[in-house]
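Working notes, structure below.
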């Protein structure tokens, strides 16, 4: 990614030794390095070799960064979940957004089966620059939100559910078939990818209007 | 069905001659006879042999009935659709409900992508005895409705949609995975079955409380 | 659910600490609180913090309730299983029904491969107010039962089976395609949802006929 | 097939000219020649070249045979259908059975949603040598029949149905998952294959017990 | 099963205590009792309560029987496998066949990728009364065998394979689509069901020709 | 959509009379009205009632608009196709974009099997504000493009292909599984939805930075 | 393709005018131009603009070529089919092979249900340089052939079949799961792709051993 | 395989004792014996009985061979991976190729999301005799490579991925639908099969041109 975003390691399916080596190589050239899908036990092993490695346990993300290395970008990324079981995926998105230098606004547990929860948070949707909507089970939240919002909506299906949910296929199909236009869908549980797409959207500001100050580059 | 409901012919996959013969046999013993999935051309052929056959073109239902033969049952069946393309399936439910002797209340085009349409019809949901919710595309309407209603909800997926809709599989999965409890799902496009289930629910009144007057039996 | 039914926690995918906190919050305002999909080990951990928590091991349900808090509602919910391996799902339905204040009548192991078992229990079907029929393998029991019954039938597919059963997809399809009308289907293994739908059906009595005494509200 | 059964042409996907040529070649060496999946219009074209070709319109089978060429075999093949829409597939089986020299006993429309129809025909099942059970929709009939019968059961799913039937996949899965043992399943709509398997079963008599007279060979 | 075949317990998904109790009840009335899908550790627990319980480790079958209780039936059941990994399923069939009183003839590892192995065993196919053909991977063996044999063929797909095998779906489809007629298919890994069907086929001898001596009834 | 975008009618599954009535109602209140999935014959019928209706035959879009009613928005939408058969879907996106007031830049036939075609158009990707990448067959183009671009990428799978393409499922899965981050996927053939999402992205400029002039509202 | 193979137009989904224009452009620079998936009626329209266009009706291929323009390459491509309905796909492969300058050897109708047909053609397999094996239904032929051959085998599933064949998915899975190693699979009905792969294999001769004379380049 | 290639044991699903016995039998007659899918713990157990057994831990292959027994064949097999997680499958291919006597050239981590990595290795593709391209996730690499290469391409999908990857189904479909011709696909994770097919392709040299020296037979 030639975007000034963090360097990223996909941690799943890699041994701790592989991850350590890749992070060490990357940090030489990049101010922010992160790894996703890191279980706590793996983190503990990584930290022995990389003592300044931070851990975000709900997001299962490890990162090397510091206030001065983190860019300070324009725009915030608003993230919603339908249920509490969707929070880990939403946190993967939120922490990624923050490591990219954006502000992340979180609103959890506003699923459609209790529509009043969403309606009483209408202002969050109205004020959003870009929305990431995370939902498992039947995955109906992005449809309702996109109908209320007038900003881009990124829909993230999760594997939360059972039976005919098929590990996230049901909410994935729901989101692809949404009768509300203006929704982009990412892979099941792909909070990371949603945040990168949201970041790209906010960065588009600069390209569209050269008068907008360039987001602070990572030094 | 030993329920005092109409005798029913499944018209799809039958020749007009077969349908005519079955209706003629049935009408000898039953005050109300109906056939579903009847195209207009088929109806025109049937009517030549059965001049008093009525036709409901949107529902694609043919029926023999008259005010005096129709039972007058307790309770109404409220039917909602998400979009206009779902109306034929909803009408199959509504006409079936009426031929069973129930009152059918219709509310079309209140899909979740414009949630205000649903919210401004809240009283319809509040006053319902039993709800049939018909939706294609992503099929999210039953989840929202069931969260608002405190009566049984019957969800009917339709084959309206394209691409990853898979002819109604997407809304079917949505409805089976609803995080709102109290939803019973029927087959794709099965408006008829939804109405029969709704009718069975309203008939349950009599069994549960013997003081409630027995629904008028078909003579 | 604004229905006077218990508050419910979906226990799967939550840590014991999360469940404890949610139950403690809920019990402040609700006379009956229950949690589903709780393994015995989890229950033992929960009980240390909530000593009056009861456990229904076959149903895998935990609950806080007492005779005086349980409502005493009109109508009974009759629950059938095809095989013995379907009992845990059926018990999830039965215990939920009882915690909602209904009487649960159980009839196990009357699958269609030995049709005499069902026929010799005809009176159970005849006397039912509402039926929950639980079946895995090929899931044919609801079709036969719905043909015999004249009350609403809720069909629950289970994941019991192997090979081309696909963890409950085969009985799910069977139930959706039933040629007996009047069947509402819920998700695979969703005994809880079936009981809530049955409860909603029995509660419909009150709405349809205002002369029927209101089910005792939870104090 | 080295079995003394008819020579068979699969008519679907062949032009009339191809079918004519194959039948003419085959009849030179075989007393009975048949072709399946022949529409009436195709038959009319075939008959111009092969005047003694017979047509079985429901089964969509063409055949050349005569009483003296037909073998007279031991045993009868009993064929059941769940509904009337399954009859064409069942007739494909029945006519094939007869052209193989067996007696075919037909019992139509005894599906499980009206179990009394099956129970009042119990003697047909009791007297069967081998059963072919044809069903679409949810395809539950073979399970019930196999539980009642003590002879081999061949289950034929049909593509009759709609929605989540998936053109016969639902009854196919039902039959493969039957909890009644002793059922062999064939492809969707494969009445022909079911009859050949039934014929092979009846022919097994001879191999198992050499005292049984050899089925009359086709001269 | 009213067939003089063993009483059978499906062992999977049952606790040892449940299995012990069922076997003890059954043995009071039946000379042969068997349980399938029993792991060795489970067997060891069962044996403490039922000391005369035998174990067939490859078939994972437990049984109570003795030479004098086993019937001595007419006809043998010939069982083939494509590979060595298919043997456990084939042994489930073979041991079931033997506990039903039939002779089981085994021929392992004659898959189609080395067709000479099958061709050099042609006599086994020629002499068979009924064939059970067990295959995983692509499952092509039943097609080739059915083309060579003139007796009924029962095809058993196994879950042996990986990737696009989908745990046995690939060989299941192969067997259902076989262009060789006369094949009945059972569920994936269902060696037991195949043996029962084969047994039913051999028992059909008696019904078809009353001169054939009745298979020795279980005393 | 409260976005100043056109009012849109989904033309598929509607009769010409229905479309005419909806367009007439909409045009009373909106400067731009469009209908998608309109075949030429349908357009000809519509034009008789709405003489100023324009037709975009490749996009199969009808619209009422004029230079003065069309807004003039900031930013352009760049649209790529892999093959020529993907052009109709891409044109649905392009015309929608233009009717929303954006500039549409088209680049057709740069699929990955001839990577040089893409590489020699590198400047198009470099200069893009937001990219819509349309591809059928294996759908690999968005992965390659997203790796080259540093703006948001919207991927549109098409149903172009055959066999194991499954009417667009193959490219849909490809796009969801892309190892390039920053891709949002829409439903198969949903060029319209892609354009609306792209438009929402460009509109986000205004919200993020209030100094950017507000896109001209539709009067 | 920088291979000296013909220029190819995929004719499906293109209008005659589009095909004519593409062919005319291509023929300016290439000695051999071909188009696949051309129905006879389309050919007749094409021929009016391109009088020297040849047509191969079974293969549904159009081509411009002449003996002097056709290269004369080393090696032959041997093509087998399981049934007669597979011939069109096999001819697509054969004609493509010939237009690439290879010799095509055809052997039709040697499916595995009559294994003797294959065995009596053993010499064809023994003499093959590279094999293309085309099969629908259960698609078992490539497994048997690859076990007999010691050259590369390209397997082509066809959509010939019905029911659980799923338009070629069943033979596709069979071929991917073959327990015979050394098989490369192409898409359903993709005779063209199989021929190109076979041609690439024969061309590899030149690269591996520079002493082998370079295949005559197309002038 | 009558090809002078190693004897191979499929190690998955076999006990160490079974593998030991098969290897010991095979080594009596073959200079090179290998077993695939061998975990390290299994290898350690095997080595106690077969002390000269070598282990390739990444490929999970065990082998008995020595420089003098290994044939020295003409041609090299070039193997590419899209990502590092695909390396185990690629090593299964590479080690198999080497045990067959071919030279294996490895190029890892050149996936399409960073197309420059592939472009800067263009010479590797240009010099290849036959290519094996291994990719998980969306599996787009073979399409791009086949468009650049003019030698046969064997595509190997891996199960690397998550969510809508479906354990390798997504890259499998991608590869089957590639719009680049000349690609043969093998089963998910089947590195072994790809290497055997590549070996068969290189051996075809000899058959096509008898002047090419016969690959050294294994003595």
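All chains are identified by letter, namely A, B, C, D, E, F, G and H, in their written order; residue positions are counted from 1 within each chain.
Keep this in mind: a residue touches a chain if its C-beta (ideal position, glycine included) is under 8 Å from a C-beta of that chain, and two chains touch if they have at least 3 such contacts.
Since the structure is predicted, the reported quantities are computational estimates derived from the model, not experimental observations.
Chains making contact with chain E as well as with chain F: G, H.
A count of contacting C-beta pairs for A-F and for A-C identifies A-F as the more extensively joined pair. Interface repeat of F-G: among C-D, A-F or B-D, the matching pair is B-D, sharing over half of the residue-numbered contact pairs. Chain centres here are Cα averages; for chain B and chain F they lie 37 Å apart. Rounded to a whole number, the gap between the C-alpha centres of chain C and chain G is 58 angstrom. Separation between the centroids of chain E and chain G, computed from CA atoms only, is 43 Å. Touching two or more other chains at once are residues 163-165, 169, 172, 176-177, 187 of chain B. Those residues of chain E lying in contact with chain G across their complex are 82-83, 111-115, 119, 137-140, 143-144, 146-148, 161, 163-166, 169-171, 173-180.
On chain F, the positions that touch chain G within their shared complex are 84-85, 160, 162-165. For chain E in complex with chain C, the touching residues are 10, 12-14, 18, 157, 159, 167-169, 172, 187-190.
Residues of chain F touching chain A in their complex: 1-3, 8, 74-75, 129-130, 150-154, 172, 176-177, 181-187, 192-193, 196-197, 199-205, 207-209, 211-212.
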